[in-house]
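One chain, chain A, appears in both complexes that follow, with chain B as partner in the first and chain C in the second.
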Partner chain A sequence: MGEFRMPSLGADMETGKLVEWLVTPGQPVQRGDIVALVETQKGLFEIEVFEDGIMGEPLVQAGQTVPVGTVLAMISSGTEAAARTEVQAEPPAAPAAAPPAESPVVPPVAAPLAGSPGRFACSPSARRLALELDVDLATVRGTGPGGAIQRSDIEEVATARKAGAAPVVALEKPVAAAPIQPMDAETSAARMRQAIAAAVSRSNREIPHYYLETEIDLSRPLQWLAAENQKRSIQERVLPVALMLKAVAKALRDVPELNGYWLEDRLQVKTEIHIGFAVALRQGGLISPALHQVDRLSIDELMRAMADLIERTRAGRLRGSEVTDATVSVTNLGDRGVKTVHGVIYPPQVALVGFGRIAERPWAEGGMLGVRPCVTATLAADHRATDGHQGALFLEALNRHLQLPEEL
Partner chain B sequence: MTEQELRSIIFAELRKVAPECDPAALTPDENIREAFDIDSYSFLRVLVGLNKQTGVDIPEADYGKLSTLATMTHYLMAHLP
Partner chain C sequence: MSESKAMKATTYREAVKEAIREAMHRDQRVFLMGEDVGHYGGCYAVSKGLLAEFGPERIRDTPLSESGYVGAGIGAALGGMRPIVEVMTVNFSLLALDQIVNTAATLLHMSGGQFNVPLVIRMATGAGKQLAAQHAHSFEGWYAHIPGLRVLSPATLEDARGMLWTALEDPDPVLIFENNTLYNMEGMLAVDAGPVDIDTARVRRPGRDITLITYSASLFKCLDAAEVLAGEGIEAEVIDLRSLRPLDDATYLASIARTHRVLIVDEGWRSGSLAAEISARIMERAFYDLDLPVERLCSAEVPIPYARHMEEAALPRVDSIVATIRRMMSHG
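Take a look at the complex of A and B:
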């Protein structure tokens, strides 16, 4: 038997709201399967299980907010589970998106008010839309199979409301204390700010930062990249940031002390290099989901992984593990015209690498003055974990790897 | 393809990456990326979308020629297959 708990999705997350179960009790699950949607201050996240087994009855109902670590459901594993799987018919191939409207699973806990709120037959994407548009699912009539609520149904309600029903909704809102509390854009932005505020305050309170910076001549890597991109169709072209991320990962292999966590008063170096990549959200705020094992990805794989991660971050489709397992962070403010960024380390990580804008600058070499495309690379590191010497070795290694783009 | 049709393709691609912005409010010579705060990744997505919709191949060296509405329209019209 395993316990499926409310995960911690950030240094300062205390509680999380279980928005939706994506599996039904008795359904076999495998390590990595997404079984629930959880909402935190930073938005909605898809939560996966970390073991194989059979999903038990939910101990926490959709709509409930519980502290981190609360057991959400039991997962039975091993032979007893296997035996049951065999007896069971093939698990329905139908996507978890449309559970039966009348769920046979009556929660053991007395469900508040109207039946079991939050268990409307409704796909995750439709539910997400409902949250975004501030539509209470209880007011939506589903027109999909089995009365399932579809995206179009939600849009219809939102449009109708805009067309004139607004005051009524405004009146009803405080009364309808549905467990799924819709977040309007303002609230969600405010909560995002609070989450960031908590994390950076803790960082500045606890982490004695030191900062180093160096100027890197990018002529060689950019020439190499231009030649590579010329051979490629526009969909396959690589952005300079992919080279920089890969070079960071390789430099971290050279100086592993910067890749890991400061926990229990000691540095815990990690062997896997998961780079948290700061993605600015258009509605404000930022999330730093992790690119996994960057040192092992080819430049093309890295570019695809980055594109996928940016898309999912902006669409609100990240996995819980992706916002928790970064071992180091990179921030790239070059697009905003910034020259130098001195970052705030995301605890419990011990380093943050920053890149500014790539621009032509005067460059002296061999007694000659020339003009080169350059970037300012910075390192913010935790002085408890490393000293400036290691930081300097890292920046030196970063430069060395960038000068050998064909080996990246 | 008329300039009008091309304009609506451009607007549609811009709305995909910057849904809260109104491309119709752009002046012809405004830098699109700056006006809408579009990062290099999202701008590449716009160019990929335009390439798909118009069939115009846009070499990387020409990206700079598509920075405003006026130059973007001009470039694409001139290179239509």
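Take a look at the complex of A and C:
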């Protein structure tokens, strides 16, 4: 028996609205199946299950807004053996919200304040303590008046964490339904702004950034690209950004310390390279969905993945995992005419690579001055995780890979 | 050392009388005046025997004219004397409000700093003696609103004995509020008890779970409540404000930083009360220390009733303090 929970689709997400169930009770589901649509400040997401089994009765109805970690439905396993394997399977996107399936049921986490989604009744002192102990209020069960979070609740979570236990978040009974009303465009944009504000504020508050930049001569890759594109139909043509993304992925293989998360006071290097690719939305705001395992994709596969991802991002149909599992981010403001990007790292990632506009610039080499197409590549990195030395090695590797486009 | 000090049994009334007697001996400029303070010995018998000891020049009976004799006290103070003016109850002091607020509190300012008014006014305050709505109110919070006045509320025998001399030493007007339910309070007092400071609040009982801020007679209700709660594992810290103007913010703010919870017990009416002022200061200066909203336990907003059970019901009581704290502490 497993619990299917409201996933965390980002460090800044505290609640999510279950918009639609895409499966019916009794229906068999497999790991990776999309079973529900969830709306957050960042838009509508398709949510996957992480185990095989039979879908149980929904514990949360469509239209309800519930805190991250709330059990949405139970999934009963087909066989005992299958269940055992799946319990050990990779946890859902939100590690903090995934206790063992056997965890005891405990009273509700603090309910969001009426009319203030994302805000919890919490005493000022407990709020300060949560900040000091780095406890996420969305994971805390409030025992104060009206379910308000108090100091003792924060201390309990912190103690449990110290003891090695994951914070237990579960629901005794379904949280009262929030008023069901479609978000109008203005509210949705305002919420996204709040979500971005929360993420970048946390980043600037917690992450000691350092910045490096280098000028890269793109003559060789662009010549190679022009020759390649000559041979292709218009639909199959490759854009320079695909080369840059691929080069970033390969450079990260050379300098893996920049690909990972800073969690629990240490760097956790990730072996898979998922690049969060900032996509600006037409209605304002941005999302950085992940391109998965970019280092293993061919340039053509990467182009197709990008096109698919951008289209689905703008249509608001991203998968939950795509908004959470980026291990590094790339932002490209070149098509807006910007020369240099000094980015804000998306926590808990530890690096962000920026590309500016590709433009012809004077280039001195071998005592001669020429005109070359150039791009300014920047690295914003978390100084807790790496030092300028690794950052410099990364930019050097990035340049080296771009100069060998045929091998990308 | 302090344990070996010679102690004697006394009452709050005797402690106040002793304070007046000491002041009369120490400073020839000191005299006492008020309604029935001489031949009758004081409406609460505080000055009984003082007329025989010091004579009618220094223990002066006055007509029933609060405005007149408080004004005379201001004049005497300006003329170099150190008058102690007794007003029978705070309700009656409203007849002298013009003298106290418009004259005593303002003269230093109006004279460009030339004239201090070294006047001490003592008055009885508070309910609990079935004296009904015209003799039992608690207006000390009103006076604590007025710049130019110092407002004291001695609760303990030490403070009843020691605040008067320090107040007389102050160059500006000082109001001393004596809760009428305290006069019969008995206890032990050091034989050599003397002047005490009039600037600071005191922690009368330490505790880690909740801060009780109070003053005057409510102090003992709070201490009794804390004793009951201690039996249930709740450790309440009880703070006696002692001075209502100026307030010693540092003492209660430091306590809140330890306990994170506050209940203010004030016999005044809740709206616009001293408790409201303290609550506002806590919001301003200790917001991030709070783990619960600040709560207040004040008198019911009615004229204090005459009937005993009604009067008791209108006031903060030990059981209502205990119940309020139990409720506050019931959430972990």
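Just so we're on the same page, the second predicted complex is superposed on the first by the 306 of 408 C-alpha atoms of A that agree within 3 Å, B and C clash if a C-alpha of one lies under 4 Å from a C-alpha of the other, contacts with A are read in each partner's own complex, and residues count from 1 in each chain.
The definition used in the following text is that contacts are C-beta pairs under 8 Å (C-beta built on N, C-alpha and C of every residue); 3 or more make two chains touch, one makes a residue touch a chain.
Please read all numbers here as calculations on a predicted model, not as lab measurements.
With both structures placed on the common chain, the touch criterion links A:Arg357 to neither chain B nor chain C. Once the two complexes are overlaid on the shared chain, A:Ile310 sits against chain B while remaining clear of chain C. Of the two partner chains, neither chain B nor chain C is touched by A:Lys270. Once the two complexes are overlaid on the shared chain, A:Asp335 sits against chain B while remaining clear of chain C. When both complexes are overlaid on chain A, the residue A:Arg282 reaches chain B alone and has no touch with chain C.
By the touch criterion defined above, A:Asp153 reaches chain C but does not reach chain B. Once chain A of one complex is fitted onto chain A of the other, the partner contacts of A:Thr143 are limited to chain C, with no touch recorded for chain B. By the touch criterion stated above, A:Arg202 is placed in contact with neither chain B nor chain C. No residue of chain A contacts both chain B in one complex and chain C in the other. Taken in their complex, chain A has these residues touching chain C: 123-128, 143-145, 148, 150-153.
Taken together, the chain B residues at the contact with chain A in this complex read 18-20, 37, 39-41, 44, 47-48, 51, 57-61. Those residues of chain C whose C-beta lies close enough to touch chain A in the complex are 260, 287-292, 331-332. For chain A in complex with chain B, the touching residues are 226, 229-230, 234-235, 237, 239, 241, 280, 282-283, 306-307, 310, 334-335.
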